[in-house]
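Should a chain be cited, it is by its letter among A, B, C, D, E and F, assigned in written order, with residues numbered from 1 in that chain.
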């Protein structure tokens, strides 16, 4: 399953709830305002790193760039993707769940 | 792959409609089929032809209309959500005694069954919202 | 009404409190329409979505439509599997007794009345979610 | 007391417009004056006369129109926000080459200066939103 | 100052931020979805009780009733008010701040 | 344009990230219009609002209008007091060097260029908020 998160974890509980209920080996894509979760050294970084031990976590590059967040500053191991890869990810996973 | 896309928020206020549009374009460019784009909740507001966005900004409604024409997309506004929020086509306007309609080219109004059908008939359903 | 005989597992995920936003009401509208499609349907209530099912809702003071009784009619629409996350209830100071009773009549068991509401832990809910073909998010 | 009220979200999707309406009624009942209700962001969607809500639900737009008539309220939609979202009066429609308008009785379209003015002229500014 | 909170503290950070920045003796009104913060025995109750030591906290009755939350079950000392009192509170305080 | 000579303390409070929602852009539109009213204006950026001020925003990939340069023009509109909460920055892995430089020319000091952006702690921000006559929330 591919989990879509579009909300900042500083503002809402969507990422928290997703991580509570996502199964090992599921994938998570951070996009829209959720890309702020990717910043290294943030209060959310540790939680994200822990999640990356059991889940594949991606972040949408165009949304990072819009918010002025440089790729060099994000949590190590996070994969930055574009819209083409976003589409490909939805193909690779049978089901997509949006955490609105 | 055959995609169903759901848009739950109106234009400009949330990024949902923008993200759905970028996703739809990328999916089409990759050779995938889009079975339907279903607009629900405030998403129905994407279907008004009365928008006049600033000249230096994107025209969200027109972009959807054009994408629909170029790719024969099925853009559906949920009728119940649309009625609540003041989105009408000519028929709906007449039936409800309204003196104007506001639906944009390329959009049509239909029931929630179209959402379930999109979920059942598509290989993937992807939802964009708040 | 299912087309080409496709039967999919559909889950409606409800995570928002009622009335503050319209998602609860419009989710219910999808569920009722969707019931005609003969799919394998279940509902999940978690996070603030658990407040949708509370007993005794009274909207007179806010002038909005009270749609809470519709949940008790879901059984008539053959919506018989409704899951509520225990952890979400507990974090909000609620328990099962605060929720409406939701039941259905089992046609395979001489129309015996059975509970359709099930309180499940996060692990069980996670398992159920992972099995779905389609997830509707509200 | 003289109140300014700001409504930042559209009808039905969020409770903001409902809460603002209940607050406005209570304020008027207590003998206060409402200098202006300013609709901003998606709040401009409260001003469409094309809504057809279900018979068993409240009619949010009509309720505002009626409250305005009964109490000579000034209901203002922000013009920039309204244009983006497809809310037009007759003049705006003509100026922008649109074939229809959709503003409801009792509402008018004006600039953001009306919001600042409401903030400065009112004793209290109360904002309802998402 | 009167602080207006209309979001559930389980879903968003509005109440948190408000409590971080509200001065002693300010007032806070919970309404719309924020009334769920009022439930006794919830994970938020302790934080609310602490806030009540230095702030006046009110909750809007009509919104509690809509969500089926009985007055007998809310945090002790919280004052349940109606719309008339809501209006009166905005008069008693020079400024109203909405935490959207 | 101020009427009857009233001068109030107005604060614009920005708590949301840009682009995910329109609040940042439409807040800026109010600030620019409001500048003509000769009121005592300041801006506060806290919570995810601090992301509105980051340097190097590039919206080409999302097809939206990049309005970030408008913040640097605020000085020309005599908006000279912009407060950013330090605790919000730190929690998000940001520091002052990640933000755009915002300045104004001080007409009372021979048009010397001065910083309009001030990083303040929660205590100071709380104090500033408490002094306002009107708070606009975005």
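Basically, contacts are C-beta pairs under 8 Å (C-beta built on N, C-alpha and C of every residue); 3 or more make two chains touch, one makes a residue touch a chain.
This is a predicted model, so every value here is computed, not measured.
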| item | value |
| --- | --- |
| For chain E and chain F, chains touching each | A, D |
| Least step count from chain C to chain E, where 1 means the two chains touch | 1 |
| Chain located farthest away, centre of chain B as origin (C-alpha) | E |
| Furthest chain, CA centroid comparison against chain C | F |
| Selected interface, D-E versus A-E, where C-beta contact pairs are more numerous | D-E |
| Interface sides of chain B and chain D: same vs different residues, half threshold | same |
| Inter-copy rotation, chain C to chain F, in degrees (Cα atoms; steps of 5) | 180 |
| Whole-Å gap separating chain B and chain D, where each centre is the average of the chain's CA atoms | 25 |
| Averaged-CA centre spacing for the pair chain F and chain D, given as whole angstrom | 27 |
| Rounded Å distance between chain A and chain D, as computed from the means of their C-alpha atoms | 38 |
| Numbers and ranges of chain C residues touching at least 2 other chains | 15, 19-23, 47, 62, 64, 134-135, 137 |
| Multi-partner residues of chain E (at least 2 other chains) | 6, 10-11, 13, 32-33, 62, 83, 95-96, 98, 100 |
| Set of chain B residues in contact with two or more other chains | 12-13, 15, 19, 22, 41, 54, 57, 80, 125, 127, 129 |
| All chain pairs that touch each other | A-B, A-C, A-E, A-F, B-C, B-D, B-F, C-D, C-E, D-E, D-F, E-F |
| Chain E residues touching chain C - in the complex, by the definition given at the top | 6-8, 10-11, 32-33, 36, 39-43, 45, 61-63, 65-70, 73, 82-83 |
| Partner chain A, residues of chain F touching it in the complex | 16-21, 47-48, 51, 54-62, 64, 66, 68, 91-94, 98 |
| Touch list for chain A against partner chain B, complex | 4, 6, 31-33, 62, 83-84, 86-88, 90-91, 95-96, 98, 100 |
| Footprint of chain A on chain B - complex, ascending | 1, 3, 8, 15-16, 19, 22-23, 25-27, 29-30, 32, 124-130 |
| Chain B to chain D touching residues, read off their complex | 10-13, 41-42, 45, 48-54, 57, 61, 80, 83-88, 92-93, 96, 98, 100-102 |
